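One structure below.
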Amino acid sequence: MSDALLANLLSPAVLFFALGVAAALVRSELKFPEALYSALTIYLLVAIGFKGGVALAEAGLGRVWLPALAAIGLGAFIPLWTYPVLRWGGRLAPVDAAAIAAHYGSVSAVTFLAATNYLAAIGQTYESHAVALLAVMESPAILVGVVLGKRAGAARGGPPVPLGLVVREALFGRSIFLLLGALGVGALCGPAGMEKVGAFFVTPFQGVLALFLLEMGIVAGRRLEDLRRVGPFLLGFGVVAPALNGALGVAVGTAVGLSAGGAMLLGVLAASASYIAAPAAVRLALPEANPTLSLTAALAITFPFNLTLGIPLCDAFARWLQS
Amino acid sequence: MSDALLANLLSPAVLFFALGVAAALVRSELKFPEALYSALTIYLLVAIGFKGGVALAEAGLGRVWLPALAAIGLGAFIPLWTYPVLRWGGRLAPVDAAAIAAHYGSVSAVTFLAATNYLAAIGQTYESHAVALLAVMESPAILVGVVLGKRAGAARGGPPVPLGLVVREALFGRSIFLLLGALGVGALCGPAGMEKVGAFFVTPFQGVLALFLLEMGIVAGRRLEDLRRVGPFLLGFGVVAPALNGALGVAVGTAVGLSAGGAMLLGVLAASASYIAAPAAVRLALPEANPTLSLTAALAITFPFNLTLGIPLCDAFARWLQS
Amino acid sequence: MSDALLANLLSPAVLFFALGVAAALVRSELKFPEALYSALTIYLLVAIGFKGGVALAEAGLGRVWLPALAAIGLGAFIPLWTYPVLRWGGRLAPVDAAAIAAHYGSVSAVTFLAATNYLAAIGQTYESHAVALLAVMESPAILVGVVLGKRAGAARGGPPVPLGLVVREALFGRSIFLLLGALGVGALCGPAGMEKVGAFFVTPFQGVLALFLLEMGIVAGRRLEDLRRVGPFLLGFGVVAPALNGALGVAVGTAVGLSAGGAMLLGVLAASASYIAAPAAVRLALPEANPTLSLTAALAITFPFNLTLGIPLCDAFARWLQS
Amino acid sequence: MNLHPMKLVTIVCEAYAADAVLRLLAEVGASGHTSFPVEGSGARGRRLADIPEYANTQFEVIVRPELATLLLQRLGAELFPRYAMVAFESDVRVLRADKF
Amino acid sequence: MNLHPMKLVTIVCEAYAADAVLRLLAEVGASGHTSFPVEGSGARGRRLADIPEYANTQFEVIVRPELATLLLQRLGAELFPRYAMVAFESDVRVLRADKF
Amino acid sequence: MNLHPMKLVTIVCEAYAADAVLRLLAEVGASGHTSFPVEGSGARGRRLADIPEYANTQFEVIVRPELATLLLQRLGAELFPRYAMVAFESDVRVLRADKF
């Protein structure tokens, strides 16, 4: 385990992330243009979706529907236990508790990618169509979280946001749309399509991810000073919740018959907190919620935690459970 | 034919384009930063120009001059027949008819690329220096169209645009300059240069094109509501004109001795309408023309038509003609 | 020599640079978005740093410390001889002389890359950890130049810039931070890390550099009209100083035991003038200096000179010296 | 040449509020708008424009004076309670009043 | 400290008009300008800034009052008939009047 | 609805001056700011925004009138001698004066 941990900490991905955090901390004027951040996000989501779609075409839907259902259930469940903890344990306003719960039930694609890299590095196999789990797990928690927030909090003013808009955002938001869409394209093209575009979407993928994590490090590092606004409760939550959700995810994955690698990935998905899909949808549906709380927790606490410790922990737990 | 059509519709390029249109239609907030659009355009133009230049160096100018002359003639001719059709058939203002004629006589590099992909996918060979035809065919129609527009319409006010500016724009505009310049660089470097930069300009090319077509789909999809402003005549024109021009191009290509693949590419060039070079030059030279008409027709009607149907049609016609 | 010169002039890198200059001169509206410039810079610096770091891990620090010390000394020395020449020879204001001296003592990563490309093309070997010399040679001249400027000129008004800020900028500025940071990451990852990300950071590298040089050509070309503001003395300085510094660098490199290739690279570093790190740090520390002088000289005179003539000259001198 | 007095209403808001602002502009009947991405800081903290989730958008809208009042009123009532934003009006004189 | 009254002329136009605007600024003798890309909507429809062919540019030019009138007059006569654009002036007080 | 008179201070400067401007804003006690990249030309030549070394930044700061005077005074004394920049103030009426 400590070997694997060290290998993870010394992987290009994690080291570049650390470099980015360092850049923000020493206040180097290094920064990525917003367009580069967006371009890298688009590339990563399309690449991972396409690859997953091709894998899905090869595996067939028969092997995916049960884990997918489990992932959906898991995503919907997480806000149900985190909401009361945040609401009464953390004494947060109802709408803030609901917003944070939605972020933690939804998922982070980049964390998922780092986990697949980790598995590849240690030579552990996994179901290559697991990316379908990532795709279906983005929305459910957002919808549950929004309903919790709407029930709990009366709007502070202004006309209510039409429900259709909210559902559209939860289903057609930037990251979900790209991921599901590329998945569909990959499934339709199959291996023949992969032959054409694999040199762009697969071969350089790990390097692009490393570069993106450098940027993520800068982004997270620049938000570290927002941690003061977030309070000690949320700080602890940002570490404990992923650990619990990760264990839960591994267990559920094992229960529905995933391999150790696949169960670990479902654990990482459960552990991860969304910082692309959820902020957009929650901001639209629950504008009264304070976005600093949820986004800082997801980006500056939970993301680094998962990248460094959460991933190896999920892996160790999955191996132990399945051995 | 229907097999080939289906293969085309299920290629990553066309599917990603469709995904982009879908994103715009469901009003997903997915969008590419303008800088990414420009970066992808630059990459595609440089890559295709460079590759064509290397092929040119190998083939020698001797095998290119006749088809190139034919392409120039074709480009200059198309505005001559489309202008009267648009002017009297479509009852468009003279300056608008001239502007649209210029767009349809000029060419779309991305449509050309999709056509070469199509040929590669079905295993059909073609003259690899055909990109020279793309390069020489951008300007002639623009110059002819501008002369038609200037003759026909008196300016609505303001001093006339100096003719030098117009010619400079038609010859040195962004896309023409990049394409011709990279062609020259490729011709000077030859295969030795290709060995150095091929891993960037050739290997990942098809994947980059697929990503770009996703963006083109969004761009075209967001303009679909402009179709109402364009009227039924132009809608029909945007489909019929490429079909006729495509057939003409295939015939001319066959006449000057191109292979079935090469003639098909000349057909696709004739069928395609410019949405980068022409808008810039025409806007400068004929500012009184309504850019919504020409750009919407080129981008939202003719481009999708060619991508899905026009390309296989040209191919089928070329095979039939040369068999 | 003249063969090598021709080979250099006909390399994709130099030809694309010339194409960019031509685009600016004919006033083509071709331009790269700023975000693309920044993205390419980031990629090149990270890629070169990472590659150098891996090489360093393999070579061990033992073989690097002496050349690194020599590079630092060289960087610190160059402003000491160029300052008086600029101050009294060129009759420049003290603060301007100091600023220019800092730019010429510091280094240009892109020039270095072009030099390694040149060596690869002619089949000359060099110490692959030479990039460490690039990394350590950015800051010393900036610090020396700033001290010279501060001593010489009283500020024109406003409170003095805190010294800590200046040192931070010289050490943690964008380019230095990226280069040193990626070097560190590469050194920690070693060859195992390279296996993961090499397909992105190494394989397409030369092509990316060629594209970047196209942009550099546009940037330099658009500043050619600033040459008038710069005066004939600085014009001559921009050609003579790199020639002298290059010879000095080659000699020093030979003296500390570098191979002909390595000594040539140290010469190119000495010959090159910084246009990323130095402008930022000098502008902060010596805001009274006129940035047009130093930046135009570095970008529009010395960079093209080195790219075309300086590199083959350094190579010829290194071979002659070591034969 | 005649210049016509109009109001320029400027709105700086988090990017997530942009759709709501555009809907409001359509509802009050503004004839057009101009917008661009900005970064900034204010009561709700720094908004570094490094990722889209933190971006700000600035809107500039030229309207007839009576519309300016209505627009600002509804902004204050409907959007200010929810989003990070500031809004202000100033006096301008436009060319071609018939455009607005 | 003395502040000096000047006019700020703002021009929002399609990007293809930018060269013509810059030529006009040089001709009337403006001492400088500031510009940036924007997107917008108006009489000539939406101008989504997703591709350069649809981009808009905003110009801000500080000029002495008499120059403002001349600039707007020529804009209205020479460029308004051709390009998608709006223009307006407002009152500002600048630091260092000798710059303009 | 009440609108409250305030000053809008606009600063256009080379990007290298941005940190100094932000420090000054904090020192005089501005409650917030908005900024965005621009390109331009002026006494110190063209500043093409094609590379960061030549970029310009525009700051817009809403302040109470007495603060505007102080801010401009210090800008003129401390930063104008060093950096390429222009600055001016204008009158605006803001929604929610308590924000500033």
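Order as written gives the chain letters A, B, C, D, E and F; numbering starts at 1 within each chain.
As a working rule, contacts are C-beta pairs under 8 Å (C-beta built on N, C-alpha and C of every residue); 3 or more make two chains touch, one makes a residue touch a chain.
Here the structure is a predicted model, which means the values were calculated and not measured.
Common neighbours of chain A and chain B, by the contact definition above: C.
Listing every chain that touches chain C and chain E alike gives B, F.
Taking the mean of C-alpha positions as each chain's centre, the chain lying farthest from the centre of chain C is D. Comparing the contact residues of chain B and chain C by number shows a mostly separate set, under half of all numbers used being common to the two copies. Superposition of chain D on chain E using C-alpha atoms only gives a rotation of 120 degrees, nearest 5.
Distances between chain centres, each the mean of the C-alpha atoms, put B farthest from chain F. One finds 39 Å separating the Cα centroids of chain A and chain F. Centre-to-centre, using mean CA coordinates, chain B is 45 Å away from chain F. Between the CA-based centres of chain A and chain D the separation comes to 34 Å, rounded to the whole angstrom. Between chain D and chain F, the centres computed from C-alpha atoms are 19 Å apart. Within chain E, residues 36-37, 80, 90-91 each touch two or more of the remaining chains.
Listed for chain B are residues 32-35, 38-39, 203-204, 280, each touching two or more other chains. Applying the touch definition to all chain combinations yields A-B, A-C, A-D, B-C, B-E, C-F, D-E, D-F, E-F. Of all residues in chain B, those touching chain A in their complex are 10-12, 15-16, 19, 22-23, 26-30, 32-36, 39, 117, 121, 203-208, 210-211, 214. Residue ranges on chain E touching chain B, taken from their complex, read 14, 16-17, 19, 37, 44-45, 48-55, 77-83.
Residues 1, 3, 6, 8, 31-36, 62, 90-96, 99 of chain D are the ones touching chain E in the complex.
On chain F, the positions that touch chain E within their shared complex are 10, 12, 36-43, 56, 58, 69, 72-73, 75-76, 80, 86-91. Taken together, the chain A residues at the contact with chain D in this complex read 31-32, 34, 37-38, 155-159, 218-219, 222, 226, 229, 275-276, 279-280, 283-284, 287-288, 291-292, 295.
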